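What follows is a pair of complexes built around subunit A, which joins subunit B in one and subunit C in the other.
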Partner chain A sequence: MESVTAINKKEHILEVKDFKVNIRTDEGIITAVRGIDFNIKKGETLGLVGESGCGKSLTSKAILGINEKICESLGNIFFDSNDYGLIDLVSLNPKGKDIRNIRGKEISMIFQEPMVSFSPMYTIGNQINECTRLHITKDKAKSKEISLEMMRKVGIANVEKRYNQYPHEFSGGMLQRALIAMALVCRPKLLLADEPTTALDVTIQAQILELMKELQRELGMSILFITHDLGTVAGMCDRVAVMYLGKIVEIAPVEEIYQNPKHPYTKGLIGSVHKIGNKKEERLFSIEGTVPLAMNLPPGCGFYERCEDRIEGLCNRAEVDLVSIGNEHEVSCFACDHEACKAFRAKVEAELDGNIGGN
Partner chain B sequence: MAKYILKRISLFIPTLILISLIIFFVIQLPPGDYVDSLISARSAEGEIFTPEEIAHWREYYGLDDSWYIQYGKWMKGIITKGDFGYSFIYGKPVWSVISRTVGMTVILTLIITVFQYAVSIPIAIYSSTHQYSVGDYFFSFIGFFGQAVPNFLIAILLMYWSFKATGSANLGLYSTEMLQNGIHLYNLGEFLKRLIIPIIVIGTASTCGIIRTVRAQMLDEQSKQYILAARSKGVSENVIIYKYCLRAALNPVVSGIGGMLSHLFSGSTVTAMVLNLQILGPELLKALKAQDMYLAGTIVMVQAFLVVVGTLLSDIALAWLDPRIRYTKGRD
Partner chain C sequence: MAEDYILKVENLHKTFTSKKISVRAVTDVSFNIKKGETIGIVGESGCGKTTLGRCIVRGIEATEGKVIYKSLHGKEYDFLNIDKKTMKNIRKEIQMIFQDPYSSLNPRMTVLDIIKEPLRANFPKMSKNEMEERVKDIAAKVGLNTSYLMRYPHAFSGGQRQRVGIARALVLKPQIIVCDEAVSALDVSIQAQVINLLRDLQKEMQLTYIFISHDLSVVEHISDKVGVMYLGKMVEFANTEEMFKRPMHPYTEALLSAVPVADPSIKIERIALDGEIPNPANPPSGCYFHERCRYCISKCRTDVPEQEEISPGRFVACHRAKELDLRGFEYEE
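Presenting the complex of A and B:
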């Protein structure tokens, strides 16, 4: 209950507690998110980093309750809502009125591919204005003015004309701006950005990221920034959570994670990013193997098969948890050399031995 | 939008002229003409003809000229006098032979079209929003069944049941009394009752087709990202289904109107014969067999006209539905 009190003290806007996502498939249930905890502070940007299939998109969609029907959310996602007070988003009916009141108004989302995030059948203005009319005002003239203002704010020129144009008349970068306008038109408290720049070319990427930072300062919102690109994380985020196979393996402030990565997976990720000044002959680091399928997982750490620091007999037998190592830095690795991790390791080892003795 | 419609309409007349040329040419293609088929029929009954008599007939019917001169005369008659030529087998002007059937065919086709959409689209919406439910499986079964079973077979079954239940097979569109007095308000009910079986029989196959198409399209749309984006704005499921999914899903249905009209005409010939319907299909078959070229040509022209109109309407509807079609090159 400690963190729930924290959210009551208005420090955190979002508090994710022991959150799981089960996906029902014909072959059985896949636990794609396997119990994660994190929080987002007011006004901060939390980066959620990991490779494809690690569960980061599922997590962000679960916050809004827009995962597909075959996905089942378990655990709690507490949100500090203006209209509802402290509310557990997981407990809301995904088709109900309450979650729809929060969507778009207090929590918004922008998506990876702006080109397919608008319906080709309606004008951009129609689709942005839909959000305004739903949450702010039914008055046609007023809501249009609000929508136009947000379109101006995200840097769309000639908005009066653009308002009545269709998605196919926009470029990719402009569409992403329009998508941001659509997400921010109701001035949400939390923005979920699911790889917002992945589909854009590099120069446009920088512009969009800059725009997001600007708007964040202006509106005072928090951002959950989901990406697999560590390069953009450095410029965007205050803290970073690294996900692997449905679990958070390390979470720390952004400088800390770059300077002092503890988890072998994080080290691998950072090693795989090209740095200016590197010697040309040096090869980028790559992590061997692929992410295993999250079905019938063996016990132990999910990264065991690919890990360079693995400890046989421990990492493949015992579940590993996040351990705080100070400076807001938490890591879940038995091989970590920090005192707190060593203590945790000793405790787990003792339990394992105790079990064997008991048997 | 207005420019687009104008452009489409301006193509209308040239298309029809081209079609008429092709129709006339094709009808001319088989060896022999009406006089040949007349003579062979009469000879079978024992009559003997002299070459002079045959030549006289040819001249009388205007069959001496080459086909393009005959075509020219035919077109001139249509354009200047609204005269569609002379039907050899009936011995009357073509238009007086088919005027009544044309009206009936158009009415029947329109009613069937409305019936199809009114039945299929709500079912498709239900099926797609309740995928894999009992209702969905039920309608899918009906859908496949309706597409697979030949129309005329359903016609025979329905007539049998109708006869069992009411003592009347409801055969034909008109009762004897209607044929004598025409259709008025007092016998309209009886007339509409007689329409039920033809509508179900002719409409079933394409109704089922539309259900399958729209259902698949709706499901496809529902998995697209813009639906997720719309949902993340907080819009209700109804808006998602009707504003976003349905509009996109109607696209292939609307673009198929033209083709569907032609199918209703030519595809329903066998059914029309089984049900004894006074519509154009059976008439066309008869005309073609007797090489009654002006009658056949006119019937095909009427069909072509309606298909071209249907295509025009579907193009306009499509442009209204889908903005990407409105913006062709040359704009902005």
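Presenting the complex of A and C:
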């Protein structure tokens, strides 16, 4: 556990290092997350953006150790816990006592579909209460008081009555509020929000996002905000990591990523969202092709086939890595015109040539 | 010109009734569409936009009203009031694309059979070769590799499946296509591909689209005119740009302000709507929106606002439409 000391305890609440997820299937092992590094600072919101199948949900679930049995996590996820100090979440037994002490108490999660996140058999109050009774107090009356207070905080009206209602009596927006109450009732340090507003209407979505920001300010927690919607990211996040095919291709502060995107995939994603008020735009920019299957990936950059800036003989042969280009901005692309990327490219090219010479 | 239309919807009503309650899903909706236009229909879930689309293609029977379609030969038909045989003939000219490309294709049919089925149903005398020719034609047009036609839907990605859905709608050479959330289930980069495809096809085949969606930025991009629905009523109908620049119904204003903008430098002031859409089985009195409206006056609580033509082609159902100055989006010149 020597490397644990590497975490910057003052600043970071979570550090993910060379993290991979392997999925065992009948056809063989798929590496769905292919080595990612990122960290989350205290009190910040990090957006994790990508299309379906890029591994963003697998990453968030791995933090809590709730992936399916067929998924195997490799690498390290260091978390700065109150009770345990620095702890590597990957090394914990997913069924063990330790992770269960962290789950719901120090790290909790909001899922996409509020309707399937609650059991239809128990009242909302009962389900929110479960968390407080487990982690905070065994006293029933006290526990109920804490739950009611949190329900009030997330803007549920008439809480005494709502407490005893079942999920089907709630509308989608209200249920999402209840889900947030359930996630926050133990005042976690880190909240994982997996597409928390995708299933909601725009007006309700605006309400919920506002609520999340408010509660974050009040509780001082960090948020990992997972989404494919670049519109909500712009309004919610401090920094953004863009994932493609199991790798982070670019990570930067939110203004930087929208004003100065460097990776062709990021550029494509931002370009393919229509901006209201832009009349000149006859056609939307679109990235050609589709995401390749994660099985038997060819060597090199995963985006090679769809990339407009690809460099033949380099991008399809050598693995690219994130290179820091200043201002907390990191990008993983050989074609990027920044000095640091050029230097990295020269180094890799020299290595490639060296290999050929050696053979 | 009042007569210059391909489809005219007049006072359309749809009420679903069960033993105990009746729900008005669509109340008194009227609008015209010209040939080659795209009409966007927006609104929150449960506002009746899908029901409206289905009533237009007569997938469900409307309770009351007229849907008048002017066919290629200039003959007018009222969809809701013609016999089965004529309807079958006319239906070829108005087709639908569905939301979910995963559940709208039969997994046990090859893509070729899926696209061919409308032909088999409508042209039983057409020869097999001719049918396959037409299928291949259309498949190439929507960007499907024709060598993949013998495969089953599961072998295709979401974007490819949606192309199959589009090909199936186009194979009968329709005049009007109702797109019910046709791109909502797709990833952003694929969404852009499909939207571009729909626009290209529109130009090439002079198609008319009724584009139902909850995604306002997609609707703004693709539509010439937009209708905003709330609780089964069309509260505003106008040219896209006019409406987005200066909405005239308070609900439209709130809806526009809630759109997430993909640019962190723009900070828009959101208009928070209190509460949620009321239960359509038990709608509020007066204006359906008055409980959540920040401009509500006493008249709104009692009187139902009629749809008014404020300026040519611009319809609003609000008592205070003329006096309010509402905020929309700024357009780049």
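The rule is short, and it goes like this: the second predicted complex is superposed on the first by the 348 of 359 C-alpha atoms of A that agree within 3 Å, B and C clash if a C-alpha of one lies under 4 Å from a C-alpha of the other, contacts with A are read in each partner's own complex, and residues count from 1 in each chain.
Rule of thumb we're sticking to: a contact is a pair of C-beta atoms (placed from the backbone, for glycine too) under 8 Å apart; a residue touches a chain by one contact, two chains touch by 3 or more.
These figures come from a predicted structure and were not determined experimentally.
Colleague: Clash or fit: how do subunit B and subunit C relate after the overlay on subunit A?
Modeller: Once both complexes are aligned on subunit A, subunit B and subunit C fit side by side.
Colleague: Going by the contact rule set out at the top, does A:Leu64 touch subunit B (first), subunit C (second), both, or neither?
Modeller: Touch partner of A:Leu64: subunit B, not subunit C.
Colleague: Touch test for A:Phe38: subunit B only (first), subunit C only (second), both, or neither?
Modeller: neither
Colleague: Using the superposed model, determine the angle subunit B, subunit A, subunit C defined by their C-alpha centres, to the nearest 10 degrees.
Modeller: Roughly 70 degrees separate the directions to subunit B and subunit C.
Colleague: A:His135 contacts which: subunit B (first), subunit C (second), both, neither?
Modeller: In the superposition, A:His135 contacts subunit B only.
Colleague: Per the contact definition in the header, classify A:Thr203: touching subunit B only (first), subunit C only (second), both, or neither.
Modeller: A:Thr203 contacts subunit C only, not subunit B.
Colleague: Please work out whether A:Phe225 is in contact with subunit B alone, subunit C alone, both, or neither, and reply first, second, both or neither.
Modeller: So A:Phe225 meets neither subunit B nor subunit C here.
Colleague: With the two complexes superposed on chain A, say which partner A:Phe19 touches: subunit B (first), subunit C (second), both, or neither.
Modeller: Neither: A:Phe19 stays clear of subunit B and subunit C.
Colleague: So which one touches more of the residues on subunit A, subunit B or subunit C?
Modeller: Of the two chains, more subunit A residues are contacted by C.
Colleague: Measuring by CA atoms in the overlay, how small does the subunit B-subunit C distance get, in Å?
Modeller: 8
Colleague: In the complex formed with subunit A, which residues of subunit B make contact?
Modeller: Checking each residue of subunit B against subunit A gives 224-226, 228-237, 239, 243-244, 247-248, 321-324, 327, 332.
Colleague: Any idea which subunit A residues touch subunit C in the complex?
Modeller: Those residues of subunit A that touch subunit C are 51-52, 171-174, 201-207, 209-210, 228-235, 254-255, 258-259, 268-270, 272-288, 290-291.
Colleague: Mind listing the subunit A positions that touch subunit B in their complex?
Modeller: Those residues of subunit A that touch subunit B are 61, 64, 66, 95, 100-105, 108-109, 111, 113, 116-123, 127, 130-131, 134-135, 166, 168-169, 179, 182-183.
Colleague: Could you pull out which subunit C residues touch subunit A in their complex?
Modeller: 44-45, 157-160, 187-193, 195-196, 199, 214, 216-218, 220-221, 241, 244, 254-255, 257-265, 270, 272-273, 276, 329-332
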